[in-house]
Amino acid sequence: MSARYGMVIDLDRCTGCGSCMMACAAENNVPPLQQATVRTGLTPMLVRKVSNGLEGAARREAFIPIMCMHCEHDTPCVKVCPQQAVEVDKATGIVMQMPQRCLGCRYCMTACPYHARYFNWWDPSWPAGMEKSLNPGVAVRMRGVVEKCNLCHARLHEAKEKAAATGKREIDPADYVPACVEACPTGAIRFGNLADRNDPASQDARSPEAFRLLARIGTEPKVYYKSKEAWVRALAESKSGHGPETGSEVQHG
Amino acid sequence: MASAVFSDSRWIARGEERTSLSRFLFWLAPWAIVLVVGIYAAGLCLYYGLNQTNMDNRFAFGLWIFLDLGIIALGAGAFFTGFLVYILKRSELRPILNTAVVVGFICYSGAVAILMIDVGQPLRAWFTFWHPNTHSMLTEVTFCISCYLLVLCLEYVPILLRSRQLRKLPSLLVFEHQLHKLVPVLAGVGTLLSFFHQGSLGGLYGVLRGRPFAFRTGFFIWPSTFFLFILSAIASGPSFLMLVAATVEKVTGRRFVPQELFRRLGFISGVLLALYVAGKSIDTLIWLNFTSPSEGFAPWQYYSHKPFGTPILFAEIVLFGLLPAFLLTYRRSAARRGWLLSAAALACAGVLLNRFVLTVQTLAVPTLAFDEFLQYTPSWQEVASFAGVIAYGVIVYSLSYRYLPLFAPSRGENTHVSGD
Amino acid sequence: MKVTRRDLLVWSAGAAAGLVVTPVPWKLLDDSSIWSQNWPWIPQPTRGPVEVKQSACTLCPNGCGMRLKMAAGWPVGVAGGSSHPISRGALCPLGFGAHQLNWHPERLRTVRRRATTSSWSEAKAAFAKACSEGPVVIIDGYPGRAASSVLESFNQKRNGSYRVVLGRETRALAPYEAWSGVPASALGYDLENAQTIVSFGAPLLDGWGPPGRFTRLWAERVAGAGPQLRLIQADGSLSRTATRAWRWVPVQAGCETALAAGVARVLLEERLVLARGPMPPLTLVDAASQTGLTTDAIRDLARTIVAHPPAVAIANDDNPAIAALNVVLGAAGASGGIVRRSKPATSYVGADAAIPSARAVLIDSSVPWDFARQTDAEVFRFAAWDGGSSKADWLLPAPGFLEELTDVPTAPTSAIETYAVAPSLVKAPAEVQSAAQFLSSIDPTLTTAEKIIHARCEDLFRGRIGTLIGRDRTSVAKLDSVQKFEEQLWKGAVWVGERSRPDGLRCELQVWPTAATSARPESWSATWPAPVLPPLASKLYKESSLREPPERRNA
Amino acid sequence: MFPGIDGFHWTIGHVVFLSLFFAVVATIFATVVSAAWRTARDFRTNQAVELCWKSSFAELPESDRRCRHELAGRVISRTCDNAFDCRRCSKYSQFAVLPARAPVHSLGLNYSGDRFYHRGHTWVKPAEDGTFTVGLDELADRLVGNPDSIEMPEVGTELEVNQTAWCMKKNGNEIQVRAPIDGAVIGVGGSKQGWYLKIRPRLSSSDPLTLRHLLRGPEVQGWLTREMERLQLQLRSPNTPPALADGGVLMPGLMDALPEADWDTVLADTFLGA
């Protein structure tokens, strides 16, 4: 039985607190380098601020967490990697990045329309002693390789081990919750198996308020967003999709 | 005795006049300085990592990839001239053949050197050969470029072995002779390899479904950029050879290449360029009207960011495409050396602009609705490595010109002896 | 045999060709890539037995429930404690990096006297001498802990003063204390029963009270389970709370007082409320011109507030006008409004009040780093981290995150009494000492914090009221012994008292209060008392531009 | 595909792609190996000497590749296309019968009519017993003077025409003297003896092919005139004193007299060096 893990993020509930980013970085042993900037950082989970482009009382803002969308069809990064350092796990639908195989050519980064891939520009390092606080389930990535969200694969691994230890073939869904989902204080991120029509996440993904970013490119991303507000749903399309008059000029961050 | 130590006359091919060693060293010195700075910058990048560059997660490719694509396109003259001479038997191009090989060798070795700095983990570059992803255009590029560099080395070897001192060794001389006889095989292999990797370099961007500025539909597994890159490379290759030869003639104040050969190269270049412009125009129209809108991107968007306005498209197609194609093929303009060389320069600038647009503009234009247009300025380390490669090219070419019979006419088919 | 140049060339060519067919180059190639995968300078995570512990975050007075993943005895991951009745599984973003804080580069590890290294014995001698020479002021940033009572009792014996630094949520409750006599530290908001919440610039979704409490509540109400919660945010800018609010009222920054007066005037004039209160002297036209809204907008706002009762107004700081609006609304001492918690509490003297002249000032590590008062006294500053540019005479290294046993009293703004214990889970560096330990070593007659916690547990057990919420819920009355009660608390369970009675608060207000202080706009990270942020947080804020990185040293 | 890769699976793409790739690699390596093998074969079958000579011949300037019949004035202009090997030249007999019209003037050098001259400035003198004596001609002798060292072949060495017969060193320049005829070395002389080698020819001494490729009679005169002209050009540079008297008479020990000249080139041209 193969799963298709994905998530639906309710943007109406996202307060932009950044807990997901912190939890993700801590879970995945992201080094706390202070040299990096907005453009060179390592943020497998990145919350961005968007607006409807208006000023004054008519202005509306929202927060949109960006991560690897785990594209299902014609996965751009998988297709371009010259040495199979990215693969789609057929059993889970997770797009897996294997840093040990990566040569750091960054072709996958140019292929990703979501800018959800990050390069290790620096050697990973921690303040003295802080390596004791590293998550033992996740290997530290070396400088010069690309990384991204693996949907907390270490947690899936743990859940599988737990299931195997108790003689079960399937994992208990409660055992596999990615760090960002667990951390979200408003429960805005709903994670689940999209292949299972009864899964709440799968049901949410089919709601009329749900949308996916750049869905027209045709890569079938497995991260959905939803919002009651039309201007937020309009973010799904590229800026040009609606012509210049909508003026959804959006500030970054 | 001192003169014997500081004289390189015994290395200069007999019967060739070359400038004095001191003048030659004076010419090399600035290039050597640039090369040393470039090597230092590259060393910084290898030792400290790519944080030495100004590339970032959005601008994951920068100046270096532009350089790679540019010089590999300009180096296409090597395979194309070899193809014309050995496969199509156009022996009138022989005088330019050695220069073509050396220029190709410089371009490809320079590109591979820069690629090795550009990747984050050069020590793992061979993984591509161990567990390749055959769906990736980059795999094809890696395989073909490494093989073709090998071919170029083998084509360079006979030229090298004909240097005055090396030819004194009978075994090398005979080996050179035998290898030279087999060069047509290498030229054939080189043509096959070049055809694929020039195309795959175009395919590199054409397959990027997630970058609608670059994404193209095409034929079978190859996007249209695959074919356009081949065309533009073989169109600009001869032009670049003309420029190199003309520069050498200018610098040395001597004439090696008959004017007729310049005209011939210009004509080949011009016809191919015209074909390329036609292909590029059709491709652009298809992309603007069908490919891009079907992905949800209105094409005007790509050209709404300064400095990447529509003038760039105009420059690519008309100014650096149609115009040089006309000048290169029109009998009266082609008869004038100045016009011919200016047109060749325009053609080379055109292919460079095309590579620049595809590498830089693709990454600069936003994809997501809330992306912004990004700018990127290379760091001094990137620029220095870039300049280092150019200096390397100048130095290798200068040394080859000084010590190897690059333009020697003696190796014509008539005088070349057959061993059997 | 004579070696010629030709021989050398042939040999080297043969050697090069021969080398290719030996395993040497291939092995080297392989080794080089393996080396690149195991660079010795890349830290490796500590391996060891993994266990999960429930505890509470002690970095600020909100005391959120925390679940810690421990490997080889060190915390390697932090998550919210989902069973905690107040924080309900949420943490503030900074809390997710709490386990890294103890290794922060600015961690204090030595006693420092005006930038020179000193020792504990010298510090003790200096403090003991000061105590013998004159009165001492002790300032606490997290009152109600067992350690706080150690600090307080030390000074009671010596006739010194004990002052507290309260968060702005508690400060906002100060007017009710003045009007009712009930200590502000005993008051809370009954948000769970409110239907309309009008916030005057209070960052309800962005670091107000325990992070989980309001955000969880808001998320549930927004999602549609239960009646819809109307959150009206009057704010000078489109703050984070304003972006998510049901309605954003854009007012001139700092004009919350005028808006409250305007709304109260409409409510009273139009008889929209049952409760009676003093009429504000400000006319509606004046209120409109001050706030930048139209009179109709204020009228509309007032009607909207009462349309969906119960409604409560929340101030961002000590603002009596907004408290008076609550009195007018009838929200003071009512369900869904401001309520008094069950347990009697003491009234604290805030450190904002003038500090009496003293021989020495001792500042606990719970006091925010930027707290500074002009004083001639000798200042003894406890802190786990160095926030930079301290004027204190003594800088004394205190235990960091979960390095000492502490108890967790009720969070500010909570409508319900809670009690939890955070045992020491992390080995503290040898050099650190908390203020309570320091004072105990000077005055051995003081009770230790541990004994006080035992006594408090015994009290709660004897009281036989409330519930113990751990892995499951147990009524205290059903527990057989105090040992079991304590054991559960030590394992991360939380004691929860009974629901507050709304009628425990009665405010007497005859005259509309004159505006006192206007709310100081505070940085979002002001609720974080530690002088440094987790390195991961400062990194991420720098890399995301999600927020302005806080203006702090090493932040 | 290769060892140690988890989860690698073959696809049609791999088969097509890798077959193509390895075909290319195999072709490239086959080319190199073939060239190397052919080189070894040439050495084995003694074709290497001829190849080297032909290669060197091809490098000679056009002016140095004149046909002997042009030198003798039998034809107006003809470039040798046979690497000076008249034994195989199809045109030899056709031109050899034409009357010679060589200019006759003294060059100040002794050249006797009973000797045959190789273009590498050696002479061959037949002896009564069917052997040949080989020596340096006077032009070479005046250039080199007393060589610093000589490395002669051992007696019994089989020499091929144009192969290096012996080596001399002079002022750091290595001079390789080409063998004028095929045959076995039966005696070794030196500069003092006035001859260098005694050779028993491979074919009989009376065989016309043994000496056909060597210059004689009027050809020598024409050849030497051109050689002198070349030398004059090469040695006339601004920083060297006049090397040759106006009459064009070579002074002996020229290499010692003109150390500044480009001797490497001069010697290579004179001795048909590589």
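Letters A, B, C and D name the chains as they come in the text, with residue numbers starting at 1 for each one.
Operating definition for what follows: contacts are C-beta pairs under 8 Å (C-beta built on N, C-alpha and C of every residue); 3 or more make two chains touch, one makes a residue touch a chain.
Given the structure is predicted, the values throughout are model-derived calculations rather than measurements.
Asker: Quick check for you: compute each chain's CA centroid and the global CA centroid, then name the chain with the smallest gap between them.
Answerer: Here the chain at the core of the arrangement is A.
Asker: Farthest from chain B by Cα centre, which chain is it? Let me know.
Answerer: C
Asker: Between B-D and A-B, which chain pair is linked by the larger number of C-beta contacts?
Answerer: A-B
Asker: Between chain A and chain B, what distance separates the C-alpha centroids? Give it in angstrom.
Answerer: Centre separation, chain A to chain B: 39 Å.
Asker: Approximately how many whole Å separate the CA-defined centres of chain A and chain D?
Answerer: The answer is 76 Å.
Asker: Round to the nearest whole Å and give the separation of the Cα centres of chain C and chain D.
Answerer: Whole-Å distance between the two chain centres: 97.
Asker: Show the residues in chain B shared as contacts by 2 or more other chains, in ascending order.
Answerer: 121, 124, 127, 130-132, 135, 139, 170-171, in rising order.
Asker: For chain A, which residues are shared contacts with two or more other chains?
Answerer: Residues 37, 40-41, 48, 84, 123, 142-144, 252.
Asker: Touching at least two other chains at once: which residues of chain D meet that condition?
Answerer: If we look for residues of chain D contacting two or more partner chains, we find 8.
Asker: Give the list of chain C residues in touch with chain A in this complex.
Answerer: For chain C paired with chain A, touching residues are 36-37, 39, 41-48, 50, 69, 71-72, 74-80, 89-94, 96-97, 99-100, 103-105, 205-206, 211-212, 215-216, 218-219, 222-223, 238, 240-241, 243-244, 248, 250, 534-547.
Asker: Which chain B residues qualify as touching chain C in the complex?
Answerer: 121, 123-124, 126-127, 169-172
Asker: Considering only the defined contacts, which chain C positions touch chain B in the complex?
Answerer: Per the stated touch rule, the residues are 5-6, 9-10, 29, 32-33, 35-36.
Asker: Of all residues in chain A, which touch chain B in the complex?
Answerer: Residues 35, 37, 39-41, 48, 50, 64, 66, 74, 76, 78-85, 101-107, 109-115, 117-123, 142-146, 213-214, 216-219, 234-241, 243-244, 248, 250-252 of chain A touch chain B in their complex.
Asker: Using the touch definition from the top, list the residues of chain B that touch chain A in their complex.
Answerer: 49-51, 55-61, 118-122, 124-125, 127-128, 130-133, 135-139, 142, 204, 207-212, 294-301, 304, 362-363, 366-372, 374
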